[in-house]
Amino acid sequence: MDNMTETGSQAVVLLTIVTENVLESRLTRDLTSCGAHGWTITDARGRGPRNRRASELEGGNIRIETLVSPTVASAIMDVLAQAYFTSYAVTAWTTPATVARPERYT
Amino acid sequence: MDNMTETGSQAVVLLTIVTENVLESRLTRDLTSCGAHGWTITDARGRGPRNRRASELEGGNIRIETLVSPTVASAIMDVLAQAYFTSYAVTAWTTPATVARPERYT
Amino acid sequence: MDNMTETGSQAVVLLTIVTENVLESRLTRDLTSCGAHGWTITDARGRGPRNRRASELEGGNIRIETLVSPTVASAIMDVLAQAYFTSYAVTAWTTPATVARPERYT
Amino acid sequence: MDISANLALAMGNLTSPPVLAFVLGLVAVWIKADIRLPDAAYQAISMYLLLAIGLKGGVALRESDPAEVVQPVAITLLLGIAIPIAAFALLRWMTHLGATDRGAIAAHYGSTSLVTFTAALVFLEAAKVSFEGYVATLLTLLEIPGIVIGLLLARRGQGSTASLRASLHEVLTSRSVLLLAGGLLIGAATGPSGYSRTEPFFGALFTGVLTLFLLEMGALAGRRLPDLRTAGAGLIAFAVAFPVLAGTVGVTAGIVAGMSLGGATVLGVLCASASYIAAPAAVRLALPDANPGYYLTASLGITFPFNLVIGIPLYLVIAETLAPLIG
Amino acid sequence: MDISANLALAMGNLTSPPVLAFVLGLVAVWIKADIRLPDAAYQAISMYLLLAIGLKGGVALRESDPAEVVQPVAITLLLGIAIPIAAFALLRWMTHLGATDRGAIAAHYGSTSLVTFTAALVFLEAAKVSFEGYVATLLTLLEIPGIVIGLLLARRGQGSTASLRASLHEVLTSRSVLLLAGGLLIGAATGPSGYSRTEPFFGALFTGVLTLFLLEMGALAGRRLPDLRTAGAGLIAFAVAFPVLAGTVGVTAGIVAGMSLGGATVLGVLCASASYIAAPAAVRLALPDANPGYYLTASLGITFPFNLVIGIPLYLVIAETLAPLIG
Amino acid sequence: MDISANLALAMGNLTSPPVLAFVLGLVAVWIKADIRLPDAAYQAISMYLLLAIGLKGGVALRESDPAEVVQPVAITLLLGIAIPIAAFALLRWMTHLGATDRGAIAAHYGSTSLVTFTAALVFLEAAKVSFEGYVATLLTLLEIPGIVIGLLLARRGQGSTASLRASLHEVLTSRSVLLLAGGLLIGAATGPSGYSRTEPFFGALFTGVLTLFLLEMGALAGRRLPDLRTAGAGLIAFAVAFPVLAGTVGVTAGIVAGMSLGGATVLGVLCASASYIAAPAAVRLALPDANPGYYLTASLGITFPFNLVIGIPLYLVIAETLAPLIG
């Protein structure tokens, strides 16, 4: 496990965003412009306190995971709060993560 | 990241449950009655130490994530232990999480 | 939540690996031989800093989660570093996790 | 006008497999049964329907006399602009909704519904009423302008148009537009001989596949019905009255443009039907604050079943009634 | 009774594409090859098969003389109650299993198998043996009661019936019941003329689609075979003997009820076959402590292939033998 | 040799629905539109195509005179060994790639492409040129050896063969091999009478389903085009020249082996086309350091469209030209 850094200067967090699938391309554009170097998407479905949206017609939610530096995570959260939270179904959280080859993600 | 609380009075944990897909509606009913306000489901497949079930015929597992307060997580865990662990294929774990807009989940 | 151990002698971590789907059977064999007793797989798609692979033709990535002891996690990470990192698209990270019935996973 | 013949038509429509499958989907939601198609199958089938309609329309377009097509095309484009404006205005009068919600609804009613169109073709074929092959061209033409106008109406006076432009790009390059337009071009290029080898797939299976698809649409519409309570009486009235109005205008326009009875009926159906594939996605992106509880409930929960069950035969009756008066 | 004709029948069955595809699926599992359909395709195809069977049956039901249908329906309902009870009793005698496992197995054998039924229709059509159109009605009727009786037998003397009631609701509103019953109603409502337009999809494609589906079923059955070791000789014997017994009873009942040779054969197949779609899900929910290693291995790993390869032609031979004695 | 007839052939190919759908897929990628089939539909359709080709070929094989089949089979196996070796050598001369990348590419060109083969059959049927039914057997035979030789060439002199053996096992038990070979066996066992009942599904729908599939292939090929920049002129030249070369060799071999005009054309197509289903997966596992930017771009981005649009009619013209000289 030599190639894994503990939380330090190169710390990485795992940011997970669950949202309406119609937002996929718009949101990944935003991730890139905030400084994320990659992401992983799975198709999902769900229920939440808000639950008002149209994308059900097209099959549900997406769940995006991105390993980023805390600064980038914070920038993405700001974008979410500004451009998505009021109008779209979004749930977002971060988890601490220890990642192999952290230089790829920060 | 102003709109994210650190682990405090409104702390949220991420509870993940992997189980047989025939249990979907029953389990989400139980989540609601334990106090969860939402969840996200993805279809999954897997292998485990138990590995005895019928749902393979219908295509595998589901993976349910729910952001809840530690108290609710504990209540759900109790239900799992009581009503699911002995008879069904279930794996469940919690991860610490920092969530945007925590008031939506607790 | 009596049936959940805090991080102690039986500590469990959640190791997540995102990689090309053509590696599924090879990688699960490696997981078993490193001492993992189970895993959960979901189909995924993604973008990363490397982004050179053929499996796109066959539909993308897989996302493998395995709850294991830190020792097993470390062994798996070593195998990944040795046999996968240079040639394949792989992202891997660990998250702390508190699991019900930890004896099933260690 | 022969009333008993019209009744027979309506009954034939009501007992056709696609309409009955739609009802089965509604019933399934009602008794809380899960009858939905897997998402991948739903996507694949809608791609099939779009391509099949496009292909068939393209083959027919190639066989058409260009002179004969010009007028219907021009009038369709006009209707594509007029209908959403009319809807927007009427909604102000009939409901208390704000400009955003009214624009969102106008975008849906200004565009058109592939499945309703398809059901109309199946109905006319079963009723042995012929129609012009180029109607699929009209469908394609009518899909986009209404959405654009609706979005513009909703955003009049608002600043940013950046996300509007992005949304329009997404609409224009959406799968449904591409498959319909692409199918038309392929059909026109390959002609009847090329098409004939794909006919067992794109032609013969069509009604059966549509039946399966309408099962799913019934479930989708059924899930919208609980929202009727919050939609308000004005919106419900609009969702029934506007299709009849727009359908009558469409039928009239078709007759004026020299189309056959069947063709005018189809143009009526196109005008009367509201989009629930292209428009909702575009509206969700461009008008995030519009409430899907209004626009989806109206278009998918009310207008779609209304047209499927009552509207389609009604527009044929209207065409039969108006044709001798106008033609 | 002409032995060589029967041998020809059996061979014709063995070399039919659906049965061969089933064998290919078995072989694929054996050589560890991945030949499985994507889950969405599997779901979509089983919905297609259910709806197609229902539709065709409904059309035929409408054409049937009600008087002619009453007896077979009544006798089928009786069999739906008697068969699971017989299975439960026989299992006590042939195996060491407890009440829960025996009830679970009885639920499977009391219900019936869509795919076996379908293969039987394909076999009879190929063998040019006619049968009553309303047999799909009997399939629908036989699906539920057996499950209910099996669950009740397993739970006799146990307290809570709450989860039993929930399970029953899930069975009654399950996709397979809804599609079969819905298809029957649609078919009966639309009649031959409505159906004819969907026939290229629901009729002509049927055998081909079934072939693809049986490939998958072969793989599913193959994955069950390793469990044979733990199942025990008694259960294996049951899984072969019970279908023959129940099949003979079903054939006899069919002849007594005045059905044709083909119809009696189909009723025999319905009685002989075990459910592996509706029953496993219901049993998993209502009897979580029953071991799928028993009920799935018996129904899917043994009885299903047995019926497909040997049972179906055998029940026809039995019908041919018994008809002159009884009729 | 009638030039205008050949031009007509080429135009007929260019305006066939499958080829036009391929172009539509390319265009969709170009304008950044999402036109892709859901993954499950893609998988299900490719299983359908493989099984359908296998079945039809098996039925034809059964009807063939064994003596007539021996020579083409032997010569196909020879070509399966010679072509990847030739590709490997030629690549050394035409490009600067290392042994690993050249072996990877050789594995692709040594194997063959189901979809190109299928498009060739559709083309020949439309052009009313007959061919031997057993060509599907040749397809199956040609799929594996090329991959094996390519992998061996890439690994000459390298130590471990363990992962090579594992990769070979994965190739031999891959879904495409199993479905093709299984389909052949089923077809041969069931014969024309058994097949006829599945013909509406596996036969009549074939061209239509292929059209839908080529839409997706167009999108996949289009996504490879940006890599052309890094591929280098040598590789691009190879990806066009090698198919013509291998195609001519294949056509010649077919004529020498006594095949008809159509049959020789198909053998040419098999030799000229490069795998993009079985080979990429095998190469990715066995030669992880080979760059998909080379092997996929060449096989899927250049050779596949080249064959589809130009190659297929070209090989027929070559066959027509060479037949009188050799035969």
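The chains carry the letters A, B, C, D, E and F, assigned in the order they are written, with residues numbered from 1 in each.
Just so we're on the same page, a residue touches a chain if its C-beta (ideal position, glycine included) is under 8 Å from a C-beta of that chain, and two chains touch if they have at least 3 such contacts.
Remember, it's a predicted structure, so these values are computed and weren't measured experimentally.
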item: Other chains in touch with both subunit A and subunit F; value: C, D
item: Partner chains shared by subunit C and subunit F (touch criterion as defined above); value: none
item: Cα superposition of subunit D on its sequence copy subunit E - rotation in ° rounded to nearest 5; value: 120
item: Distance from subunit B to subunit A - Cα centre to Cα centre, in angstrom; value: 20
item: Between subunit C and subunit E, centroid-to-centroid distance (C-alpha), Å; value: 41
item: Residues within subunit D bordering two or more other chains; value: 38-41, 43, 200, 204-205
item: Contacts with two or more other chains, residues of subunit C listed in rising order; value: 42-43, 95-96
item: Contacting chain pairs - touch in the sense defined above; value: A-B, A-C, A-D, B-C, B-E, C-F, D-E, D-F, E-F
item: In the complex, subunit C residues that touch subunit B; value: 1, 3-4, 12, 14, 28, 37-43, 67, 95-101, 104-105
item: In the complex with subunit D, residue positions of subunit E that touch it; value: 38-41, 43-44, 47-48, 51, 55, 173-175, 178-179, 182, 185-186, 189-191, 194-195, 197-202, 204-205
item: Contact set on subunit B toward subunit C in their complex; value: 18, 42-50, 61, 63, 73-74, 77-78, 80-81, 85, 91-96
item: Subunit D contact footprint on subunit F (complex, rising order); value: 12, 15-17, 20-21, 24, 27-28, 31-35, 37-41, 122, 125-126, 200, 204-205, 207-209, 211-212, 215
item: Complex interface listing, subunit D residues touching subunit A; value: 39, 42-43, 166, 170, 220, 223, 276-277, 280-281, 283-285, 288-289, 291-293, 295-296, 300
